[in-house]
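Here is the structure we will look at.
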């Protein structure tokens, strides 16, 4: 038996030191500490890392972290929602998300052409800029394009070279968005695409290929939804992940995939039976910066 | 001001009478009662109703209810996950989901070729049967097919004429699954499709068309994820929903779309400013049967 | 293995029939069905039943159900919060809780002397009436009184003979409120008590005594907090509960007692190792009426 | 309008710098940053601070932080559960909580005399040690004792001078536990108390007195339950808190007090209408160390 070690905080304490100490406490602090250790081991062992994230992380101010994770090699490929792609395009084009109030009057906001994402506001203008930018790309393209091919074209054309989409394109890190159509980009594709067709099945073939490479394979899943399932199901045809960490605010007892435990994933052989795995129940906006800071301290 | 009316239960009380009485209580009982009234008004006013559902409802024993909702006209179109399509195919082919234990040993289960969905077990055999069935259809098809066209072909071929997929196909009720590829069916499409291509953008065009019809338009959203967003975003180009009910176990304060309030949707003009709308925080497996029973009592 | 049985809803279906059918589905519908069966078995076997409830159930319109449960013998003793006692006094004195809006402007409400409990409003007047009523009783009493003795005095004096406090007093069903002081009643006791002293330790002795009686002993726990823990801990000195059902919206992964599983309670021997136990994750305002209706149909 | 500022993490970043940067993001990271600023302002303005905490924080390894908060003046008084008092006594007597597994077999544990608190194990031995220690104190005492007087006696006698109970006793910081009887200590009081009586109403008088002092008054509430309500209700007779921060994993939509917003508390005048207040939705084991580190960096 190992004792819970009461956590000591001291002046000027570093983030990674705190996260490390959390691993010897309990509940979700312990899980966060364990997740940090597993993520560090993935990086250390040079595992191929599928970084999946859903929820409005880009509007919420997490884009520099995602960019840095791609830049520093903490993500070998990305799987995310269409909304995160679209909002990243907005930021990379110079539009900004504003700090808003979750209790704002939504009718008032709609009259001011402001869209609300919980406590973040985004002006309708941004969507016009996105449309202009995407329409041009869509009209240039032809043939069957997977989402990762299409997103690569977006990344290459973005004026902001610090955008994670640009960095990923430059470094050859594929960015999958199996639900790209479930976003404003989908509406734009429905309006402007002529010669190109979005081929989401092509994405699956690529994902499955990536699951068959040599060496250790891991995944870091932030939030649930399609990014989580699409990442895990790609392993159904392969050997199972060696590592998996999951940060979520959903719970197992509702029966859905978003809240499902990583143990459940073992029954499906999506994880190897001896995979190192841990779930942290926490808002991603809190857990992600802590985990990234931990990695940066060790590998930055 | 209107008083909270203490709820009186009596012997032999009917479900709809109880749900009606709940509308005069508080918290989620009140919201459930209000949701029932709004749903009934949608049916009464002959609104076009988008029924969106996510989460493992088919494995959880809700398939007869979904089928009955389509049969009785409580759903004018359906938007659901790939997993629900796949598991419905399994049931319609005669495979069964088993009552399991959420605390089962998942390594043990994987050795027995049993896959776990919280407290439901499903044997690997079922997936072989699904593959055989789907492979044949995929190989027959050609050209660009939206998910609703492809799912219609599935529905027409199912041996079980009580399946909601068959009933929907027979009645011309479109079934959209914008994440069909995010399921076993996606893997099968990646293996067996040659001449056909799954065209998810085509689905958007059809969804948007449906949002432009005359008369009232409403939506009943069970769970979050892509089915929720895909339904709501189709309205971005049209006038907004007149009615919306949502049943979810997610919460607004995590900032994601699944837990977002219907008020927030008004800032985006996805709902009309005067739309009748209510969110019920409850497991769908409890709320859906109650709401359906309420409708059946009134319109059945 | 037993199949999940797709739930069939039909016109005029009774509540207990629906709840019974839920036991063969999954997730929380199944758990609700199982809880109903366990509760029915407790009644059938004439078990001594500790009914614990927390959360604002009385303001939420559940008082007639609680009263009926005491009247019909579905509760052999009650453990609840001070707030529920106080709000029951208000209702029994003729004050009413109003249907409010959870998004109301709270500063506006405070200016109107309206207090908000989520979507229920209660006027400041009610508290003046309660104070007048309780002050008189407090001043009459003397000596060391346990909460159940004091609450019995309240129940006997209430003008509303349908109040669960009156029915319990009449039938000799003890009502414990180990946190009576954590409510307006506590403030009143701090102001008006002279010769009496609230002796909460005396409650423990009585609770422990009740845990030592012959025959089966069970508990039905609605919500968490002190009522849950106080009920369970009384068993630490005795043999453990034979039956336990729990309805909660809290989750195990936060580590608190309110969300703790009934399995965890077995490690403490609060439940017998072979106790029949189930937890339903659901708003009590929805689950309680369903469970009570089930019992009334069978035993009413 | 103010922009969301994408969070930049760099090598060797300090905790307080990260928390400060979070205030310019969104969701619960923003709320955590705002809570840190409000807490810092309370300390800076020399406000009287009620520190309320519930949930098994002591077993979870948070005891050194609580001790340090008392030592450094971040808490002017404490309100907590009986369980936290009892488990602190165990640690201060030299017993240890062990790192356990939340999925352990609870029947197995009970056979080994191990009690489980989610993923923490505590041996039955500890409770024997606590009983011996408390029995002696209980037998020494006489007359009406409030919980804070009784807990002061405990603190003075503890061999571990680093225990928050000892530090609080030494510094004259009152520690209230209005639910002390809702813990093992309650059982011991029921067995060993002869001449003393636990007078919980006396605590209320003291709490109300503390609410009437000059200068700013604030509260930091970690978790819900009685510590939250007992702290807030003491203000019903006074002017309302000037500052309030709350960290919780409960949600408003269930209607209970634990999940209630601080806005709701304004309708009751428990907070001043212009009080600075924020709620962070996060596991306390993660948020508390971050907040404390922020304060230590600024005031340590």
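Letters are used for the chains, namely A, B, C and D, taken in the order the chains are written, and counting of residues starts over at 1 for each.
The definition used in the following text is that a contact is a pair of C-beta atoms (placed from the backbone, for glycine too) under 8 Å apart; a residue touches a chain by one contact, two chains touch by 3 or more.
Keep in mind that what you see is a predicted model, and the values were worked out from it rather than measured.
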Inset, instruction - Could you tell me which chains are in contact with chain A and with chain D alike? - result: B, C
Inset, instruction - Starting from the Cα centroid of chain B, hunt down the chain whose centroid lies farthest away. - result: D
Legend entry - Between the pairs A-C and C-D, the one where more C-beta pairs touch: C-D
Inset, instruction - Averaged over CA atoms, how far is the centre of chain A from the centre of chain C? Could you give it in whole Å? - result: 43
Legend entry - Cα-centroid distance, chain C relative to chain D, in whole angstrom: 26
Legend entry - Set of chain D residues in contact with two or more other chains: 26-28, 56, 60, 103, 117-120, 249, 251, 253-255, 263, 281, 283, 285
Legend entry - chain C residues within the chain B interface of the complex: 1-15, 18, 22, 24-30, 32, 56, 59-65, 68, 91, 96-99, 103, 117-121, 249, 263, 281-283, 285-287, 289-290, 292-293, 296-297, 300
Legend entry - chain A residues within the chain B interface of the complex: 54-56, 60, 83, 102, 104, 106-107, 109-110, 114-120, 144, 178-179, 181-184, 186-187, 189-190, 193, 197-201, 203-205, 208, 223, 225-226, 229-230, 233, 236-237, 249-258, 260, 263-264, 266-269, 273, 283, 285
Legend entry - Contacting residues of chain D [partner chain B, same complex]: 26-28, 103, 251, 253-255, 281
